[in-house]
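Here's the structure we're looking at; comments come further down.
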Amino acid sequence: MNVLAAEGGVAFEATTNGIWFVEHAWIVVLLPLVSAALILFLGSRTPGKGAVYGIAAVGAAFVFSIGVLWHFVEGGGPFEGSIDWFTIGPLHLELGILVDGLTGVMLVVVTAVSLAVHVYSLGYMHGDERFTWFYVVLSLFTAAMLTVVVSNNLIQLLVGWEVMGICSYLLIGHWWEVKENSDAAIKAFITTRVGDVPFMFGIIALIAVTGFTTTNIGEVSHELGLGEVSPLFVSVAALLLFGGTVGKSAQFPLHVWLPDAMAGPTPVSALIHAATMVAAGVYLIGRLFEVFLLADEWVLTVVSIVAAITALGAALLAIVQDDIKRVLAYSTLSQLAYMVAGLSLGELGLTAGFFHLFTHAFFKALLFLCAGSVIHAVHSNNMSEMGGLRKYMPITFWTMLIGSLALAGIIPLAGFWSKDELLVVAHEEHATWLFVVFLVTAVITAFYTMRMVMLTFFGEYEGEAHPHESPRTMTGPLVALAAATIGVGLLGAPQLNAVFGKWVFFEEIHEAVFVPWIALLSTAGALLGLAAGYVLYRERKARDPLQAPIGPVWNLLQHRYYIDEFYMRAIVRPVRDTWSAGVNWFNQVVFDGIVDGAAVVTRWVAQLVAWFDRTVIDGAVNGAGEVAGRTGNALRYLQSGNVQWYAVGLFVGVIALAVVFIRVVV
Amino acid sequence: MIRLPLVLMFSALLFSAGVYGVLARRNAIMVLMAIELMLNAVNVNLVAFAALLQQMTGQVFALFVIAVAAAEVGIGLAIVILLFRTRESINVDEVNLLKW
Amino acid sequence: MSAQEYAFVVLAVVGSLSAIAVVTSTNVVHAALYLVVALLSVGGVYLLLGAEFVAWVQILIYVGAIVILFLFGLMLTKAPIGRDALDNQQRWLGAIIGVGVFAGLVFLIQDAFPMQDAQAFEPARGTTDVVGEAIFRSYVLPFEAVSFLLLAALIGAIVLARKDDST
Amino acid sequence: MTWENSAITIATLLPVVGAIVIALMPKSKERAIRGLGIVVSGAALAIAIAIAIGFDYGTDGLQFELDLDWIGAIGVRYHVGIDGISLPLYVLTFLLSFLCAVYTWRFVPDPGRTRGFLALMLLLETGMAGTFIAFDLILFFVFWELVLVPMYFLIAIWGSANREYASIKFFLYTLFGSIFMLLGFLAMYFQGPDPHTFDMVVLRDFGAGGGFGQTFQLIVFGAVALGFAVKVPMWPFHTWLPDAHTEAPTIGSVLLAGIMLKMGTYGFIRIAIPFLPYGAEKYAPWIGALAAIAIVYAALACLAQKDLKRLIAFSSVGHMGFVMLGIATLTEIGIQAAIFGMVAHGVITGMLFFCVGSIYDRYHTREIARIGGGMMQTMPKLGGVFAFVAIASLGLPGLAGFWGEIMALLSSFSPSEVFLADRVGLFRLYMVMGGIGTVLTAGYFLWMLQRVNMGTLPDHWREAGLRDVLAVEWVSWFPLLALILVLGLYPRLVFGVTDDAVGGLMRLLGS
Amino acid sequence: MDVDYHALLPEFILAGTVLLVLVVDVFLPERTKWFAMPLGLVGVVASLVAVATLIGAGTRVSFGGTYVVDEFALLFKGFFLVTAVVVLAVSLRYFREGGFYQGEYYFLLLTSFLGCVMMPSSRDLLLLFIALELVSAPGFLMAAFRKGDVKSNEAGVKFFIIGVLSTAVMLFGMSLIYGVTGGETQLAEIASALADVPGELQTLTYAAILFVVVGFAFKVSAFPFQFWAPDTYEGSPVPVAAFLAVASAVAGFAGLLQLMFVAFAEQHEFWVPIFAFLSVATMSVGNFVALRQTQMVRLLAYSGIAQSGYILMTFALVTDDAASNRTAFAAGVAYILIYGIMNLGAFAATVAVSRRHPALLIADFAGLRETAPVIAVGMAVFMISLAGVPPTGGFWGKLLIFQAAIERGGGLGPALAVVMLVNSVVSVFYYLLVPRQMFLREAADRSRLRVPALVTVVVGAATIALVGIFVLPNPVARLAEISSLVGLGP
């Protein structure tokens, strides 16, 4: 179908091997959509309950995405194509694709992670009552996310955006028999919708800029670029759009939903709440970067402040979690904030931020899937009921270790390169305070990552179940993602030409630079965190019956790092036990309190409204009836039954009429 | 050789007396009598105007009124007698089964 | 004031007083007799106004027929005697309205035909043949209609007043 | 009489003929009666679809027009026609009525009496369809009022416990409003061009050209708008609606929500605004304010509802608030959004009422707490359909409910530059309220789903023998479910029809 | 003597029938007394045929202009005769089974109708008076015709006293009119005489007009002359109530239309506000008091009062503008016709129910849809029509009045329209009470109600007529338009 190209599609580089894939990128979207429909209608009648459609479609989409990306690898330019959707008055809407390097990268990320999750779920969801339905929503979600990614206009983007939201809702509440799960699902949907409303208004404002003629992102940017729109207008629009990011990417102060969203099946957490959907908020800023750049400076400052708070706060929270998925969830918040903060640094930050998005997607998905594997084995989310699993599930252990190290930012794993680049950009843009935030967060990240690994895999198993290694369908994706985690970072390594920057950039390519001291610093921070974690939790695990009698002295000797101890007492413990608890308290009491309180108040107002409706408005209506009835009753007594009273009425009537009306005329 | 207003005043007095009688009497036959007074007032008017205007129409009209009045009295008395039969009383202020 | 007018005033006073007596008397038979007087006075007034035929009809029909009917009615219904038996509880209201009607009519008459400007007039004579001719020239239709009315009244009155076996 | 000038008349009057035939059939022929109901409404639908196919989508003029003398003495004509504004609502009327007839094949509410039920329903169908094609004010009013009586009986006879109160409230409320509307119509007749006429095309051209005086417009717009507002219903004239919906039988609720409410908004678009543009200009901010209040108010009210049907009834108030908000902007986009909103609401809320009807059929209660959740466990299909429609109703993009809302908000961002240039701030406030409304809407629908669909089935239903969706239900629901999706993905289905007509209307008003 | 015998033929036939009924009754044995009814029916139909022969025959003037047969008169004559057919039809069973004096009843009824038929042709005060009495006097008697029933006696007494009183007041007014116009009794002559009545007589003239109006206001039961109506209707035999509510009241309107549009047209500035008041007060009292009624006939009585208020409104719409007057007049006439149909239907249905439930409480209509479906459907249509809601003819009646009110404009018109509108809505409350009983309640005795065939026919015909008028209102709207009387209006 060459309609797209025919109707105004422009390819800048006519001859690359990937051009065909680029021009037909809509197929990537269509594949999972079709598979969703197929699974829905045929799934339960297909052997394997329909998962095969999803896997095949997403697999094809992945291959296709590679093809698209290949175009950019070969140095191809962006492509845009569209068909008419509908027209409403002056407003012309189109269905279109806008494929540039950013899109290509995102396509690969989404399809890759989605493929991994699709395969992984074969094992993880095996025997689930609603297995087929799960795959329907999974495929639908993938289609929605891809829609957002390839969309060339705001409304189409919004459609995909919200469909993702509903899929997220459906998947979080997948096990809706338990009330906590459905609560979490609702909380997720509503909280993100709070952000979506300003986002919608932002979109409307941007459409208004074009005089309500188009929703095309390119044309909106062009219109803004003319400079005829007041900066304040653009600033407000940008801030409104950022609302969408805050919601979807779970940034402060709307981050409360994401940890709860872990109630969903773990593959879902991996796909939606770690790798893709939550990253859409970041993608949004990148897609509409022009708006943010044209806005007043304070807008980006606001963005960076929000990101900084999220990054730090979330990381601290991760420390105190026992639920392994919650650790990862807070970690995700924190990492997303890294990306947002990176984007707030301007054009250089765009590349860096997206590079982090790219790498994070792989290693975080990996981490989640590993966690899932663990949970699958021990039937518990709590790390206090794990321990020592390294022995039972080596593949999971190793892959998770790789993921953890990547998260911690250990060279040469993916996380290292992207974090490093963010630090470099922060440095280059003289955003010292952000630099520090990045660094500190990195340390904490490494720390909790290590804590997680230690509590899960080291020590003795403390649970009730009989842990075992997961089936191939689960470990396969783990291995694949682990490989990716090792590899993808290199795409942005300055030593290797930093090809990523040639795909994803704003207006002009900036060469990534390697600043040795920053690299050293970040690595050191990461190691510091890891070490602290290792030390600490090794010690906690040691508090088993055998080691307890030796007491603190044994520990002290065993580790000999009194500095560590000092760190622990002076920094780690206050941070972990006091500060993070405080943040946790703040989170639960103040933010959840606000949400809950808002719910309570809303409920209360609703009661009031209902009462008002019943009493006052209905009362007025019924009252009118009552008044009419009473009037009738009063008038009724004129009809006394005594005919002489009737005669009195007759004569009084005549006299009165005569007196009144003759006077009127004469 | 009579001045018109004097006659009309007489008529007015008859009429008013009739009005009072209709309102104040409880005996149905007395009420009928009062009504006759009112109709007579009408006739006095008609005859007076006929005399003033030197033509017969008023007198003819009066004759018709007398005839109709006779018919009304007949009807009225029949109803009153019927009333007496069923109620043993012809007090109109006690006739109030139907009301509201 | 002419002699006719003097006569009229005398008749009017007698008629008015007896009319008032009709509606205030405490004795039903007295009331009926006062009614006779009042009707006779009115008949006299007709005569004075030159309406001879009407006057005779008045005396014949009213005094001769209607009052007799009333007396029959009074006998048949065993009318009691006395103020409370004859008047209802709202007679004060009736008095107010009666006086009001009278005042209103007097005002209207005075407004239209002021006493001070009033001219005495010579009435036309309404003898039997004149009136009869008028009736049968222009008023055949009402005459016929009235005959139906009287017929209906007669038949209806008989039906109603007659004592049924069933009741 | 050719196809061109008689098609819409035939389609509109066919149900009445069917109603008479059904009323005369012997009571014992139960199945034949139900079958005839389906056949008649199906035939009407087929004609309506043929009209839609034969419709020329490239023009804003009247089509299938027929203009006959009706009551010459008072200048009333039988003038019917159809244009892009009418067509979607017209077809929707027949579709929903047909589906209701199909649904009745299996579900006749207590106390039975199928004959009367179907006859009244078909009569109702004619009234509703006629309203959308009438181009004479009195004819319009006649059709408008024609729906009152059958709906009254549908509620009063086949309703639930409190049906008498609800039915009379419905009747009086709407009658009260519509009589004021009639006065307005008469006033326009006498103030209109010479020779006086009720013809809506003539009056529209006259009024849009500023033919009516300003004070006149203010008064008459108020009168006419009152009639429409009660029907919509706009806050604070809405209180008849929850009662009527709650008590009405399923079919009644479906048609009430699906079509009848649209008659009010249609009236605004077809009559109030083009005839009385100055009045519209002055009233629009107030209408917008009421619409915005309605959105938030209804959502809050929904949160407090314990009765499932009442909840959905209240949600109608909110959705119609979006429709009115779109209309109040007096923009081309806003009005098209309103029409889309009407169609979408008709399909979605109609479907929701079907669901509630079936839920009631299974549980014999509509109390959310009594249902107690877990419907997905025993009746996954019914629960799934219910969830799908509820999600469509909360305005999920990609489903029908979205376009009306987003476009209404979009248009209220910058209301008509011709009429409301100095009210931009106000309308943006309305937009924000609308946005808050969407969040709350999502809240109550999801909460509702949680309480009805999710969780585990309470013990007292275990032995109740709850049956999942029946074949007849699938048949009567499938078109609506498909439409919800199709309209969401391909909104051109409506926008493509309305675009020219609304464009023409706006040109007429000089914007 | 200018007598157009053809023009008087309907009256002659009817008068002959009256006498024939009277005579034949004497010879009929008790068991076949009911035979008077078909006899009367034949006469009425013959008279109707005679009316039909006069259609399109132009204006016929007899008796020196005091008796005019024009389109207006024919329209009303036709209406009265059709009403007579209906009342006769619903009377048969009622009187036959009730043990009443049947022959005399039919005689009185037809006499009354004779008065009705004379009314619209009478263009003379004396004739109007006689016609009015001819309508009323048999009415007094018929109201009391259920001799053994105290309520019926009471109905007669009240009707009689108020009727005679208002006649007295009216006659007093007529005598004054006679005086101030210099001896005129013909309506047209009165109009020209009043046109240049001397200034000092003006007040008296107004008072006289008011007094004359009272007599007719009593007939149409306008407030404050309406008190007799509910009591009398309730106490009377139901067919008599139907006669009073339709024929008698419409006769009052026929007289009133002639008086106001012919004789007193010039003085409309005086009487328009009076009618405005009467109309508003009458419809309001009727509607509001009707809200609390529990007896069917009484409900219909109050409903009739309210409907009179609507019709009276058309009088209040008269101005100097002939075109607008014509609209008002046409609206009034059309409403009267439609009112007649729906009210007759309602009374016929009531007659049907009275056989099982003589007390005729509204609650007695419970479950009628089951016990008498045709009657129930008909009654529902009548009630909806009385409320003025489509799909019934009553809708057009109200619409026409609304239209006239708006056309009149000038503040008063729209104001009256709004009052009428509020009243209409209020009225729905009580009109719906009846369908509610019939369709939503179950009867205690669920066996089939035996309805006389004639009553069923009447109900069915009225139902079809009302729905037919709704679909094709043109004839009714046109019928009113052709009324020639309005041409004489101001």
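Labels A, B, C, D and E are assigned to the chains in the order they are written; within every chain, residues are numbered from 1.
Methods note: a contact is a pair of C-beta atoms (placed from the backbone, for glycine too) under 8 Å apart; a residue touches a chain by one contact, two chains touch by 3 or more.
The model shown is predicted, which means the values in this text are computed figures rather than measured ones.
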Touching both chain B and chain E (chains): A, C
Least step count from chain B to chain D, where 1 means the two chains touch: 2
Chain pair with the greatest number of C-beta contact pairs: B-C
Most centrally placed chain - per-chain CA mean versus overall CA mean: D
Remotest chain, chain B as reference, centres from CA atoms: A
Furthest chain, CA centroid comparison against chain E: A
CA centroid of chain B to CA centroid of chain C, Å: 6
Geometric centre distance via CA averages, chain C-chain A, whole Å: 104
Centroid spacing, where centroids are CA-atom means, of chain C and chain D in whole angstrom: 71
Where chain D and chain E are represented by their mean Cα positions, the distance between them in whole Å: 42
Sites on chain A at which at least two other chains make contact: 625, 636, 639, 641, 643-645, 647-648, 651-652, 658
Interface hub residues of chain B, defined as touching at least two other chains: 15, 18-19, 22-23, 26, 28, 43, 48, 50, 52, 55, 57, 60, 64, 68, 71-72, 75, 78-80, 82, 86, 92-93, 95-100
Contacts with 2+ other chains: residues of chain D: 172
Every chain pair in contact, whichever chains are involved: A-B, A-C, A-D, A-E, B-C, B-E, C-E, D-E
Contacting residues of chain A [partner chain B, same complex]: 636-637, 639-644, 647-648, 651
Complex interface listing, chain C residues touching chain A: 88, 90, 93-94, 97, 100-101, 104
Interface residues, chain E side, partner chain A - complex: 157-158, 161-162, 165-166, 169, 202-203, 206-207, 210-211, 214, 218, 223-225, 227-228, 230-231, 269-271, 273-274, 277, 285, 287-292, 426, 429
Chain E residues touching chain C - in the complex, by the definition given at the top: 1, 3, 15, 18, 22, 62-64, 66-67, 99, 101, 104, 107-108, 111, 114-115, 118, 126-127, 130-131, 133-134, 137-138, 140-142, 144-145, 147-148, 156, 180, 200-201, 203-204, 207
Parts of chain B lying in touch with chain C, wherever the complex brings them together: 1-10, 12-30, 32-34, 36-37, 40, 43-44, 47-48, 50-52, 54-57, 59-60, 62-64, 66-75, 77-82, 84-86, 90-93
